[in-house]
Amino acid sequence: MSLTASGNRKHRAGLPQWATLPVMLGGVILLYWIVVGLTIPLWAPYEPTMLAGMRFQPPNAEHWLGTDALGRDVFTRTLYGVRYSLPIAGMVIFCAVLIGCTLGAIAGFVGGIVDSIIMRLVDVTLSFPPILLAMAVTAALGPGLGNAAIAMVIVWWPIYARLMRAQVLTVREREHVEAAVASGATRPRVLVKHILPLCWSPIIVNATMDFGQVVLLVASLSFIGLGAAPPTPEWGQMISDGALHFYRWWIAAGPGIAILSIVLGFNFLGDGLRDFLDPRSK
Amino acid sequence: MTVPLLQIRDLSVSFANRRGDPFEAVSGVDLTVNAGELHGVVGESGSGKSVTMLAVMGLLSPGARVSGSIRLDGQELVGLSERQMRKVRGRRIGYIFQDPMTALNPLMTVGAQIAEAVRLHKPQVGRSQARERAVELLRLVSIPMPEERASQYPHEFSGGMRQRAVIAMAMANEPELLIADEPTTALDVTIQAQIMELLERLRQDKGVGIVLVTHDLGVVAGAARGLSIMYCGRVVERGLVDDVFDKPLHPYTKGLLGSLPQPDARAARLRAIPGAPPPIGARPSGCAFHPRCGFALDICRAERPGLRPIGATTVACHRAEAVAMREAVEVSVHDA
Amino acid sequence: MSTYIVRRLIAMPLLLLGVITVAFLLTHFTAADPLTSIIGERQMNNPAVVEAARARWGLDRSLPERYVIYLGNLLQGDMGTSFRTRQPVAHDLMVRLPATLELVISAMLLGTIFGVVLGVLAARFRDGPIDNIARFFALIGASAPVFWTGLVVLFIFSVQLGWLPGPGRIDSRAVAPPFVTGFYTIDTLVAGDWAGFRSVLMHLILPASVLGWTVTGIVSRMVRASMLDVLSQEYILAARAKGAGPLRVLINHALRNAMLPTLTILGFSFAYLITGAILTETIFSWPGIGSYAVAAARGLDNPAIVGVTIIGGAAFLITNLLTDIAYALVDPRVKLSRQEGS
């Protein structure tokens, strides 16, 4: 489902086809966060865990987003937060895609009992509301960012398994695959050389869209207290701090806007990517 | 002379394209239909026949600009407000759509859709009365077991049945005029004949005037009295069906007739018109048909021919006399 | 009823069993010894206490044994006893269920109504200012974390403007209404307590709006897309040709058809609502299942975690099934098309 502008897709002269307004907006937002994440230690005004001044200062010239309950600089902590959110989301998506696509491809290509086992596992996993499953897994493994990430891989892989299986089943029927089989290619070779290369575009689109959702879920788990532990400048954790003092709005404002912008960015990008890779979906 | 049922005078319709440049879809169309008469309007897709009919209904998109005059029983329709127009639609003019598969709301029973048409114009009719009327209308269009059929959904009807239901809906308020926009195009040949029979019966029994829009001269041949041929947004030939069929004066009409399969030896000369109709917005200068016309001269490229009477028919062609001559020669050769 | 739904009905119990098994297994491979959360860290060095607690909570039995016992108990509505509250989990959940349902249903209603209106307007005035505002509003709703938007609206409407009360279900000085349904809105009315009803309603507005917002975006975009699709159909023109007015065409003919694809989205949005409810309840101190789940997960309260996970999974499965059934009931064509093999 498309959440972003479909009416704004008038082609702009002098720009490549994919460079629509949402895509460029999404790209700029994400580029900004990546640059911040890579360079922040070089220019941050304060240390993220440093007690930088008086507690509960509203935004001012020294502390652009004020200070929190311990007197740490909210702006600095917000910028440092991206060093947790983006890499974790990236790892989660990478692992989920890897596991999901491998199992999905095997299920679709091998079929039979293997297919049944994998797909029933997928069905059961997708029967849980994502956050509940993630909570249960994290609780089982013990709280912590790493375990939260593992939990999210467990929640997310079945989506890609289902997608990949459907793709493999479609592509398998194409003539060039039959030709490869007829000319005596081994089965693994057929799968890797002739089927998989044609399966990627919906996976990529979905992964981009899901990236934002994973960022949201990481923050949610941290907010609940199952992810990052207190001194970590993680966004969900920071909002949780801010919730205790919600009448001091600025403590949660930075991380809130940060999450919002990154999720928006990925939604924009994913939408544009879908139009580019799959023109059929309008 | 009495006032004709539908009289269109010098009707032009223009739209704006994406860049905002206007282009004319229909230019200076004249059309007259008398009460109780079936009039055929024939042309290829894009000839402006559907746009003309939607203009009569006031159902063109808001961006359309309409000029000229459309009179129904002497009452001017161009310039009526949407509210006034709504009283005309469905009550005085019934509209039959090309594709009965898509012209019925899939989530309403057929009976409810017909009853809605009744109650829209006669709010005083009760629900059960309207339903009875719907059943009656289904019976009128020869749908078997109308009571049961009324409570079924469109997908439970076959294509021909649906078109009957659409006709019943159009007839709900006994309109003076039915506009049938390609009513048989989407149907099987045998069903086409049944639908045409039904329209003819409605004309005779109910005295309703019918405009039959089609790209198929064969459909018109047996049914219509008057005939207008449209090409590129204009009427190019107009007359009684018998006259036009006997002696086509416009090369386009001749082409249409020539591409008709015929049972006798003339079938040997069966041929299609070369080329395709130009896209709207890229219409040729002069006579729009000249690029496809075997009779074209320089004048055809330079100057647009106006309608002029020749014999019993009216035609817009510089070369009508030549066409008539050729026709005469061919017939005599054939007869010889 | 269609074969498709029959097949779904048959698959339901199997999926539910899968959900139960996964939930059960998960919490029995925990890294931390659940005993710690029962008897406290200090007592862990006392073998007598540890043994007693182990036997008391059934942790001395083997995993398959415990699984079978758990399933048997579950069939009788027994989900074990919470380590934390020392109450039966089933009881805890039943007490908290109405609060969550009241919140989720209000949010669903608000989100759906608002989403449909927004979607219809956006489609009617396509690419106009209303469409763009609706698009923006939907995007924010789908992208912003509810646990932050909750804080923002609390700050604006409760702290700054003082229009609406802060967290909680009812005024903290007021007494909860006598239990009838557990829905405070209904219970206060039954008790004839108008002031209480008003307080409950005021307390409900913010959390329900925040939660509903997440759904508004999804619904409005879906309604817009399917309205645009439906409005280009010939039966819309046919309805106008009958003489139907614009409102009648838009609501009776277009919206009714556009709601079909939207129905499927409603089932899907339920996942969002559960996710959102857990976080919203935490923000608004809402004594529902969501905040219970959070407390359970934080406290390594295994029986409670399993219970909540099973209930959540069951709710999720049932909603999806209900959506499909509703779809089949509303769309007269479904029977045919599904049997024809799609």
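Structure notes:
The first chain written gets the first letter, and so on, giving A, B and C; residue counts start at 1 in each chain.
The definition used in the following text is that a contact is a pair of C-beta atoms (placed from the backbone, for glycine too) under 8 Å apart; a residue touches a chain by one contact, two chains touch by 3 or more.
Please read these numbers as outputs of a predicted model, since none were measured by experiment.
Number of steps on the shortest path from chain A to chain B, with steps defined by chain touch: 2.
Centroid distances built from C-alpha atoms place B farthest away from chain C. Per-pair counts of C-beta contacts peak for the chains A-C. Our note on geometry: chain B versus chain C, Cα centroid distance of 55 Å, whole angstroms. Centre-to-centre separation between chain A and chain C, using Cα means, comes to 23 Å. Among the residues of chain B, none is in touch with two or more other chains. Across the complex, chain A is touched by residues 11, 15-16, 18-19, 21-23, 26-27, 29-32, 126-127, 131-132, 135, 138-140, 142-145, 147-149, 151-152, 154-155, 159, 217-218, 221-222, 225, 265, 271, 274-275, 278-279, 282-283, 293-294, 296-298, 300, 305-306, 308-309, 312-313, 315-317 of chain C. Within the complex formed with chain C, the chain B residues making contact are 57, 59, 82, 86-91, 94-95, 97-99, 102-108, 116-117, 120-121, 153, 155-156, 166, 169-170, 172.
Those residues of chain A that touch chain C in the complex are listed here as 1-5, 7, 120, 123-125, 127-133, 135-143, 212, 216, 219-220, 223-226, 236, 239-240, 242-243, 246-247, 249, 252-253, 255-256, 259-260, 263-264, 267. Only residues 233-235, 237-246, 248, 252-253, 256-257, 260, 330-333, 336 of chain C touch chain B when the two sit together in their complex.
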